[in-house]
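There are two complexes below, and they share subunit A, which is joined by subunit B in the first and by subunit C in the second.
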Partner chain A sequence: MARIPSAPPADRFRASGSRRRFPYLFTAVFAASVLFSLRAAQVDPRRLLEGDALGNVAKFVRGMFPPRLDGEFLGLMARPAIETVQISVMGTAIAVALGVPLGLLATSSLTWRGVLHERTSRTGRWLLGFAPYAAARAVLSVFRAIPEYVWAFMFVRAVGLGPFAGVLAIGVAYGGMLGKVYSEILENVSPRPLETLRAAGASRLGVALYGLVPQALPNVIAYTLYRWECAIRASAILGFVGAGGLGQQIELSMRMFQFDEVLTLLAILFVLVASVDVLSGRIRGWVA
Partner chain B sequence: MYELAGIRKVFADGSVALEDLSLRVGPGEHVAFIGPSGAGKTTLFRILNLTLRPTAGTLIFEGQDVAGLSDAGLRRVRTRIGTIYQQQNLVGRLRVVHNVLAGHLGRWSTATALASLVRPRDVAGAGRALEQVGMPEKLWARTDELSGGQQQRVAIARVLVQDPDVILADEPVSAVDPSLAVSIVTLLRDLSHESRKTLLMNLHSVDLALGYFPRIVGVRDGRVRFDLSPDRVGPELLAELYAGHRDEERQLERLRDGQNPLGAACRPLPGFRK
Partner chain C sequence: MGGLRARAAAARPGRTAPLLAGAGLAALLAWSWHGTAVDLPGLFGGEGMRQVATYVAGLFPPDLSARTWRDAAAGAVETFAISLIGSLLAVGLGLPLSLLATRTLLYRGILFEGRRPGPGARTARVALYAAGKALLNLLRTIPEIVWALIFVFMVGLGPFPGVLALGFHTGGVLGKLFGEVLEDVDPAPLEALQATGASRFGILVYGVLPQALPQFVSYALYRWEVNIRAAAMLGFVGAGGLGQRIHIAISLFQEHQLLTLILAIYAIVTLVDALSAYLRARLV
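Up next, the complex of A and B:
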């Protein structure tokens, strides 16, 4: 007679041998890749001290002071600053709209694996569970793999210069990231409450509402807010390819060697990011 | 209530948890399951509450073979089976009232379930259930602020709200301290007796099983080893049931020496008197 497992529900899908070896193998490969990259990426701190490297940096920094703080310039920059926030908010909203459904589909414990599917037939699991799961994962990977810069470049071609291209770029690239992280958060909730609700006759949606969402919500909100912070910075970069906001102004000032304006713009960006940080910290504390 | 014939369960990794297990439980019966850890008791309970599908054999619940049930059919049967687990299978971040009202989920529509999260529906019912388990004041507390024993009472209150025909309790007291264990076992026994529910309980401690249940099923290696009234479960049978399992053998030694870990709360055990 075979060995009797003392199988608690959560550990039912035990790691196979190859999975247990994986961390060691991974660490070795990772270390090797760091060493290899050190050479390939031409990391050489001495080059910072050679020739006029430092002189150029000094010129850039000296040109920044004093920053341009006159009323006219600040007044002109109010609009791009607000635009940057608007791009980040709309971009994040689109990212959430894409990330939630794709993230749900990309969650293996919801679609095909684990305790909620114990009684589903094998073909049912593959057709209705694994196929949409794999498709959603693939889409999310594509969204994430293409940098938001490249997305912005494409969307500028599609919808023209301006903030909308930036919104779409952030929406798609960050939708990929949010979806991936949402699925990981959802996969890591405790399966026990889910099993209990299922065993008491709750529907799949009922299990999600009373078991999954309450467990996952704080992390989902925290990560979404973090991505919003990143989106503000990203919208500045996207301005460089003409997607509006502060970035476009930074690019213009740099091109005209107006480093005093650049400093002011960077300071505005800093204030924006810092305020979003404070705000999201408050919200996180409130939902925890 | 339950009719099991030739139940066998093999997990995906090839390990056999249950082997040709047959069992019959009538309505209103109280049955305790004992046996060494790894005997397949938890697997058996997860088959009984229709979470797991047996690899072979038939499971008949109230005259109905559950193997061919559709998703909706399964849900209907599941609402009639209430389960209490070893670990607190509650959502700690939700208030007690929502965890208790989750017992309604088998009947509620999704819209009702969602609305109740915003504005709890059957507050009176949840309050009554909490009163029955002796902590009505905790209705609005956050569940993760309660102690282990209190959470186990919340789990019982949820089953009361669900109002099933059978209560399955899978080691309901192994995570709480011994003095609470007795009160939770008696609570479950009395509540299911009052409402004429069938009660099946998995127990780690033999003395609780023998002291509070009229029918004892010994499980080992995925099979039923004996199915007797407690006065016929003697030391030899128990020694055989737990042979090779050090911790549990020690528990038997303590029983034999009269050191009942549960103290006076338990009735004297037949066959163990000196």
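Up next, the complex of A and C:
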């Protein structure tokens, strides 16, 4: 799992009024939202114990054992398992193809601000830099705020049932996330090497290639690999809306109350996810 | 010396490694392209693109009648509630379980220097650790949507099974992440506490937890961002929220209502992302 970059340390010693009031305000708002949400989500733990709830669980757990492990079933499931991996790889590839150009445009230090643009006129910066920057940010925000399964739904409509819809869904949703994170990585590189290159008379392309890219690349690769780990989980789930892979099989077996098959499928999913985690961790170790 | 160099060469790939990695990546991509029936020319060439354009054009304009509007707002509030309570339940499950999944709290490291548990007690503690890890793996491996199916089966339709599904899956994820944070804390303050004669519990409360807390908050907020998206999906199997309404709108070909609901998802997800970023800046 990738570490989430944490925010820069806040100035804890500034004793402004809003700072002192914040803990009380936060506690009050938090308590109110929790109470409200408990009602809105109809939380009622008693339902876990009443009626057939426990009996149903017992039926489910008993049904899972022994898991179905005959050759015929495993042979049939090999294809969807492989498909799940392929969807995750292809989806991540499309996400990178979308995320790189959009991420570059959404990087303020590349498009309109900072050391690369000190000698550009104001209107030039606005028209050529800020407008595409704002457009790219907006597109990225739409791509990542709509969850992958909604995209999958729409792509199933557009290109039909099957793994291709899943690939496109992961590509678009993760493209939005990758683009945003790429732009954050690029904006947070140390400006000193860029200034040095600029002072030495390097062109803009030179500054970007020899100053920006070497600093950003390890983080970019690490985050992309982390997203691939997420993509394999997502590609298993997208099957639930008809986008191929293991999810479709899990849903079918669940609906037919074949819990012994569900257990086998979950075990296959676990092995797939764990292998991708190990492989991706290994590659990250080489790169970082 | 020779052994050292060989080990260094094995650890740091030389000149051929990038080529090999590139070839491997190309082969992986070709294999996946073939297996997933990717048809980019078909998508961008005439027919496919026209189909997509027709579909998207059919979504407009969004249905903004009072009824749809209220339905979308109610769905958004329900989705928000599911994600918030689900994430809190996950913290409630993950936090105690993470203590079991932390070797440095159970049987090794500074807490046990000089006060080594006997062989029997040590075996019991290692077993406890293994059990904690196994339970977290189980919770984490089962995807939210499968948990949701199980809980719908158990307690019936509605947002409550969605809350339980998010809580169980995310509880496994957070338990693992929290355990890693607890194992990674800086040992110097713990040593200082131990030198003053603090008990194990004292070291945990005054040495380990204060260091881990900011990371815990950060991870919990990050999972909340993941969960608001997941909460919108769980409706799909009957677990309430916007997902259920989207499922209905798609099944009934109510394209204009669908666009309104998608706008509602966009609004609620963006709101939670912003809230989480704000809280991370304030709290961490």
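Here is the rule we go by: the second predicted complex is superposed on the first by the 232 of 288 C-alpha atoms of A that agree within 3 Å, B and C clash if a C-alpha of one lies under 4 Å from a C-alpha of the other, contacts with A are read in each partner's own complex, and residues count from 1 in each chain.
Here, a contact is a pair of C-beta atoms (placed from the backbone, for glycine too) under 8 Å apart; a residue touches a chain by one contact, two chains touch by 3 or more.
Keep in mind it's a predicted model, so treat the numbers as computed, not measured.
> With both complexes superposed on chain A, which partner does A:P163 reach: first (subunit B), second (subunit C), both or neither?
Only subunit C; A:P163 stays clear of subunit B.
> More residues of subunit A in touch with subunit C or with subunit B?
Result: the larger residue contact count on subunit A belongs to C.
> Quick one: is A:P132 in contact with subunit B, with subunit C, with both, or with neither? Answer first, second, both or neither.
Neither partner.
> Touching A:P67 in the superposition: subunit B (first), subunit C (second), both, neither?
In the superposed model, A:P67 contacts neither subunit B nor subunit C.
> Could you say whether A:E195 touches subunit B, subunit C, both of them, or neither, answering first, second, both or neither?
Once the two structures are laid over each other on A, A:E195 reaches subunit B alone.
> Can A:G242 be said to touch subunit B (first), subunit C (second), both, or neither?
Neither partner.
> Using the superposition on chain A as set up above, list the residues of subunit A that contact both subunit B and subunit C.
1, 4, 6-7
> For subunit A, which residues count as touching subunit B in their complex?
Subunit A residues touching subunit B: 1-9, 12-14, 115, 118-119, 192-193, 195-203, 205-207, 209-211, 214-215, 217-218.
> Applying the document's contact rule, which stretches of subunit B touch subunit A when the two form their complex?
It comes out as residues 10-17, 19, 37-40, 42-43, 46, 49-53, 74-83, 85, 87, 89-91, 93-94, 98, 102-103, 105-108, 110, 113-114, 117, 158-159, 162, 164, 221-222.
> Using the touch definition from the top, list the residues of subunit C that touch subunit A in their complex.
12-13, 17, 21, 28-29, 31-33, 35-39, 42-43, 48, 51-52, 55, 77-78, 80-82, 84-85, 88, 137, 141-146, 149-150, 153-156, 158-160, 162-164, 176-177, 180, 214-215, 218-219, 222, 229-230, 232-233, 236-237, 240, 243, 246, 250, 262, 265-266, 269-270, 273, 280-284
> Can you check the complex and tell me which residues of subunit A touch subunit C?
It comes out as residues 1, 4, 6-7, 10, 22, 26, 33-34, 36-44, 47-48, 53, 56-57, 60, 82-83, 85-87, 89-90, 93, 141-142, 145-147, 149-150, 153-154, 157-159, 162-164, 166-168, 233, 236-237, 240-241, 244, 247, 250-251, 254, 262, 266, 269-270, 273, 283, 286.
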